[in-house]
Every structure is written in structure tokens, then in C-alpha cells.
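See the structures that follow.
Heads up, the next two complexes both have subunit A, just with different partners, subunit B and then subunit C.
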Partner chain A sequence: MSTAQLISIDTIRAAVASVDDPEYPGLSIVDLGLVETCDVNERGEVTIELVPTFTGCPALNVIADDVTQAVAAVDGVTSTHVGWLLSPTWTTDRISDIGKAILAERFTVAVQIGPKASTCPRCGGPLTDESMFGPSRCRSVSRCNACVETIEVMRA
Partner chain B sequence: MDDFEAFLNDGGIIEAGDDMPDEYRTAVFTFIEMHANSELMGGLTERDWIPKTPGLRHKMSVVAKTQDEIGHGHLLYMVAADMGVKTRTEMLEDLFAGQSRFHNVFHYQAETWGDQVAIAFLVDAAALASQQAVFKNCSYGPYRRILKRIISEEGFHMRLGEDRMMRIANGSQVQRDLFQGAIDRWFWPALQLFGPDSKPHDKLLRWHIKSERNEVLRDAWVQKFVPLLQSYGFSIPAPDLGFDDATQRWDVGPIDWEPLKATLAQGGPDSARRISEALHNWEQTAWVRDALDAPASPEMAASV
Partner chain C sequence: MTALRNYILSFADDEHLMGQQHIEWIGVAPFLEEDLAFSSIGQDELGHAVMLYELVLGIDETEPTDQAIDALAYRRPADHYRSSAFVEFGTTNWAEALVRHWIYDMVEQLRWELVATSSFEPLAIVAQRADREERFHRRHGDALLDTLLHESNTDARTRIVQALDNLAPMLGSLLEPPADEAQIIADGVASASVASLHEAAIAAIDERFGTNLDPSTGTPGDGQRLTRSEAFAPLMSRMCEVLDLDPQAAW
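Let's turn to the complex of A and B:
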């Protein structure tokens, strides 16, 4: 025990926060609301529990690998366990305000919160649904008639 | 046109509702239409491999790519349709009638899983490099913004491609032979995805759709992938391959452009089958579109 190095949980959290969503470079998985718990014990064993946007999300392996790699690089970490939780369920209100701003400004992606209609990230105009099927399970496709733009919408 | 070109040279961005010269509109539209067609044809190829893909890990990556490519096609068709040249239905009808273009690589058949690895590793890298070069300086705003998202997702595909390549390259001799066969089939089509040398006054360059000449992008791909494949012990199917000690660069020798020309006229080895399969798929999925377009029944409407 005397040789064990105590690792602050903040260091672990920072390492996890350094991992970006593989399809949104620059958007941390923390801001996307994927991180449920981070724990580290006195033996340097780290446990991270994540919540998938969708259980069938094809990026789960890649995200878990990235988290493992980032955490393993922290001084004093002896092992890392990354798990995916089936509960709670991910919803778009888990996305932080920073996350929403990054999605809107860098990727022109809107976020739908609950049944409330989302607005155009470019001009604030109302969006018209185009298709519930986007390039991934967590996104649908809308359009803004005001500024003539095709908009992806993150949804739960 | 001079004023318009001066505007573009100053970094001006054209939006969907803006005035633009007809020539510019047609050139940008044709470029986006070809990109949309390529995403759709690529997505359908990927889909064919879902049941045949070995192992759950790779199967998930194939499912992901399929959904991404079809989704990209969808977004691009919307952006293209907003230009007012053709509707989405007209674009699809032209595609299925063999009257519009899609990338050369989707005119070949993926024969083995090794081919799928080569496509994900070599072809996707070439496509990504081309798209990045367009995104860098693209004067048409709606396309530029869609490209930003497509590129982020294609970057994710590259990781899946590297994962596939590492697994097959570190596998048994049978796996390595499978991949070498795929390299032999796909090296040249992947290289030709960049197209022949850009013309001196290429209007896509002049109008800031492309930001880099085809031959520059192609050469960068050669400099990266020739040594990379060799470092894993695979050979390059170029009999005249040489390395220039003075410039420290690889040279693949003369390029036979006839196969590329054939694909542009829908005369590639697998063009006819690909196009008829795409049409068949379109007809088979009509019920889904009908169901989505149908008004909700009174019972459904009451429950919402």
C-alpha cells in the first residue's frame, strides 16, 4: 500500500474528457453525455461506465478503446475497465450546453430535446422534418426553408 | 463572370438562394450529383457485405458504413436538389438509366473479404483525401457544410479500415494471400479515383470547388500507401514502380487510363450489374417510402 500512488479522480475525469466522439472531432464524449461514472481506487484500478446513444451504435468499440487508451496513459493507473450501461437511457438532454454549441457552430447539427421542435442552427428558423433516417441511429434529417439548408438533428 | 470570379477569389461563398452564373450552377450541381450517386452506390456495395462479413466486430463496422453512406447520399441529394437543376427523383432515374456518373471504384466487384479490406483501407483514403481537398476551399456554402460532417464520418471509416487491415495483415498466410490478391485488384482503381491530371484551366479549380490538382492528391496517396503496404510485406502491382533517390519519392510508372474511361461510360467490369441492382433495390423499397409518405390513420393521429 505504501508504494501505491493516489490518483485524483479529477485527473481521470480529465483523461476521459479528452476523448472525442469519433464522428464529431472536437466534441468530447463528456459533453455528449456518454459518461455516467468514473472511479479510481487506491490500487490505481479505474472503472468507467458509459451510456451509449443507441445500444447498436457501431462506434462503441472505438470509443471504449479510446477511453481505455486515454486513461491508461495517466500516471499510476494499473488497470482500466470500460463498460457500457443499458440503464440509464441516453437522451439529448444529456448533451451539455458546450456540446450543443459545438454541434451547432462547427457541424451545423441541431439537437431535438423531447417533443419540442428544434430550430435551425444557422438562422434560428423552424425546421421541417425530411426523414427520420439520417447517417446514424442518433440523427434524423430536417431542412430549414428559411435559409435553404439541409440539417441533421440529434435525437434520442 | 469576371466579377463573379473576383468575388470567389476574395473568398466569397455562394448560398443556395444566391444568384450565380448558370455555368457555375451546372458545374457544382454535376459535381455534387456525382458525389451523391457515389455515396449511394458505395452504400449498396457495403450493404451486400453485411451477411458475408466475418465476425461481429467487422459486421458492426459494415453496418455502420452502410448507414453512413446511404445517409450521406441522402444529404447530398437534398443539397443538389436545392440547386434547382434536377429533382432528387430525376437524379435517381438518371442514375438507374445509366445516364449519370458515379466513382470508378463502384464499377468493380468486391470479390472477397480481402477486397472489402482493400476498399476500406485504400479506396476510402483516396475518397477522403479528395473530399478534404474540396472542403478546404469550397465556394458553395451548403456543400461545404455537408462535407464537414461527411469528412468527420469518413475519418471514422478510416479507423475501421485500419482495424480491418491490421487484422488481416497480422493474420494467417491464407488471410495475407487474400489481401495481396485484393491489393492487386484494387491498387489501380483506387489510384484512378483521383482522376487524370487536372487540365491547366480546370474550372472546378478556378471556381474554388476543388482546391488541389488531381495529380498532386494522387501523388500524395502514392507516397503514403506504397511504402505503407510494403512495410507490411505486401507487393505493389506496378511493374515499373521505382524510387527516386534524389527526390525520395515513389513513382508508379505510366498509368493506363482506359479502365477509368470505361467506367465513365458505364462500361466497367461490374457497371451493368451494379446499376441494375441499384434499380432493383429502389423498386423493392418503394413500400417503405409509400408508408413514410402516407398520412397517419385517424387512430394513429389520435394517439400522438
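Let's turn to the complex of A and C:
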């Protein structure tokens, strides 16, 4: 009898969901929309496919290592393969509602969906672009006209 | 070396060296936003280089580990690189860095378009991925040049035009086809020769900078990207400065 057959895909998904984005502790990579597929076969071999926010993101290795570690800790897992996909393309609409709420409440980060202007996560006021580039490749910098706070914006 | 490998490697090496050159401005760009912009833009070019080096390793039937990518990126002898003099050139001032950034990204967009519907599907996927990231680069270059060329003093314009004078003759190296490019086009990997972009590139430069360049400026060379410019060795030495301290170190 093989115990590996007992691993449910939900257990693997939960392990993957326990991994946070390195820049946003408390924000799961699932809520950030990085996880494309999770698979486990009857031999306990797990394959996870992830989508990078940007191809040059320096956190990719850290994230892949964290996922490998989390999955390897699941009882019955014999091997873990984590791959980065070039397609589909990550966009901000892959961020879940929970993810958006965490970004807004804990990190004061707004999320820009498509060309639509985003609003201030603190007061809901309109934002003015300050800089196309921010502290990392996936963020730009705006300013809230209402509360005059500087706001980072996750962009597509 | 297959024609396909050669073709992808020439793009990968340009992306890699361009990214490295941009990143050298971190901390010394004229203002903070430019530090951030050049670090983000350089990071994108390095990301594109990694994707392209992975395709090269695939052709070599080598597992694309970090070590294998680094070996390709940093540890080849100079005559195995296929980069252009345009990206190897060591800029001496900010105007040159900015003008090169704009010209490079303008040409880069056209190069991705050549392979957007490539018969080598992994390359088409990389092209689509990269092109989406590139629009930020073009917006950035245009916004800054709009300000400096049209809303600033004549000193800014003089410096930019001088930088363009220095860089435009090197456009030919950026548009120089790698060996056996004809095979690549016949196979449907690329839709046309990189050299065929010359006229459009000159027109784009004239429109951007308000110049009237001689149509023969920066005519694509026929050296098949086989030789490195004199700027290559010092650039490589700067790039590998830390790595050379302990080549066996685990990062």
C-alpha cells in the first residue's frame, strides 16, 4: 500500500497558500495570483506552476524555494518541482479581493486594474501619478489628493 | 553553433549588457526618480536576457539552472559573445545614457515584433511577454526627453544632440545581423532581417529628436557580430568585479 495515494490536492494547495510574498508578509502568493497550477500524482510527486509578476523580479528564487519547502513538508510528498511560466501573463486582476484588502489595509498599497485610475487605500480619494517607477518593478508611486499621503500602486 | 542559437544569443547578449549598463546608474543618476527608473528598466532587460538565455540552453540541451545561466551570461570567452558595440559602449555622461536608453528601447520593440509570430513558438511567447514590459520603458524615455528637449534650457538640448551624434553611428552595430540570419528568416523564426529596421529606426530618431540625419547614418554592418568593441573588456571586468573575488562562492 502506498501512503502517497492519500495526499489530497487540497493539502498541497493549502501548503502553497501558506507561502507569503517576500515583500508582503501576510499576503499569500495565491491571493497575489502567482499560482497557476498545482498537481500531485499517485507517487507523491508534486508539480507547481507559478506566474511571475515581472520576468526580472529578483524574488522569484526566494518564492520558488519557499514553495518547495512548504510542499516538501507535506506528509507523503516524494518530490517537488516548481516552475515559472512565461504564459499566461500576470496582471493585477489576478489579485484576489482578500489580497487587495491586505495590500490596502496592511501596506497602504493601491492596486491599479487596467487603465482605470486607482483610489487611495486610506481615504478613497483620487490619486495623482508621481512616478512611473517605485521601490520595485511592480510598483509605481502616486499621491492622494485628499489625504496627501504618498501611495504605492501595484500596476499591471 | 546553429543559426537559431546564434540569433537568440545575439538578442540575449544585447539585453544582458544593456541591463547591466543601465544598472550602473543606480545611485549616481541625476535625481532619485531616475535611480528608480534605471534600476527597474535594467531589471527588465536582465529578465528578458534570462528568458532568452534559457532558450539558448534549451537548444544546447542543458538544464537551465541558475549556474548554467550565469555561466552563459558571465563566463564565456569574449569571442563567444554576440553583443553589439552599441550596448558595449561605455557612456561618459547622463545624456548619452538617456539617449541610448531611448534608441535601444525603440529598436528593441521592433526586434520583438520581428519574432512576435515566430515559428519557434517559445521565442514568440518570450516576445509577447517582453513587449508588454517594454511599454513602460518607452513611456519613460519619451516623457523625460519631452521635458528636456522642449521645456528645458538650450544646454539640455545641446547635450542631448551631442549624445545623439556620438551614438547614432553605432546604430549599425545594433542592427547588424548575426551569422546565418537568412536561414532564420527562411525558417519563419523571424519575419525579416534586423538590418531591414534601419530606415524605420532613422525615421523614429529624426522624429524624436527633431534631427535630419543622413540616411546612411549607422548603416547595419556585415560583421555578423563576430568581434567585440574595445569597450567590451572593461565592461565585462566591471560586471564580474564581485564574482571574480570568489568564483566558487554560493550566492
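One rule holds in what follows: the second predicted complex is superposed on the first by the 151 of 156 C-alpha atoms of A that agree within 3 Å, B and C clash if a C-alpha of one lies under 4 Å from a C-alpha of the other, contacts with A are read in each partner's own complex, and residues count from 1 in each chain.
To be clear about the criterion, a contact is a pair of C-beta atoms (placed from the backbone, for glycine too) under 8 Å apart; a residue touches a chain by one contact, two chains touch by 3 or more.
Keep in mind it's a predicted model, so treat the numbers as computed, not measured.
After superposition onto subunit A, the modelled positions of subunit B and subunit C overlap sterically. When both complexes are overlaid on chain A, the residue A:P135 reaches subunit B and subunit C alike. By the document's definition of touching, of the two partners only subunit C reaches A:F54; subunit B does not. Of the two partner chains placed around the shared chain by superposition, subunit C is the only one that A:T89 touches, whereas subunit B remains out of contact.
In the superposition on chain A, no contact is made by A:S79 with either subunit B or subunit C. In the overlay built on the shared chain, the residue A:Y24 is in contact with subunit B alone; subunit C does not reach it.
Counting residues of subunit A touched by each partner, subunit B versus subunit C, the larger count belongs to B. Of the two partner chains placed by superposition, A:S8 touches none, neither subunit B nor subunit C.
Shared contact residues on subunit A (touching subunit B in one structure, subunit C in the other): 56, 58, 61, 131-137.
Touching subunit C in their complex are the following residues of subunit A: 54-58, 61, 86-87, 89, 131-137. Residue ranges of subunit C in contact with subunit A, taken from their complex: 19, 33, 36-37, 39-41, 43-48, 50-51, 66, 122, 125-126, 128-130, 132-133, 136, 139-140, 143. Against subunit A, the residues of subunit B that register as touching in their complex are 15-17, 57, 60-61, 63-64, 67-68, 70-72, 74-75, 78-79, 82, 142, 145-146, 148-149, 152-153, 155-156, 159-160, 292.
Taken together, the subunit A residues at the contact with subunit B in this complex read 22-25, 56, 58-59, 61-62, 106-109, 130-137, 139, 141, 143, 147-150, 152.
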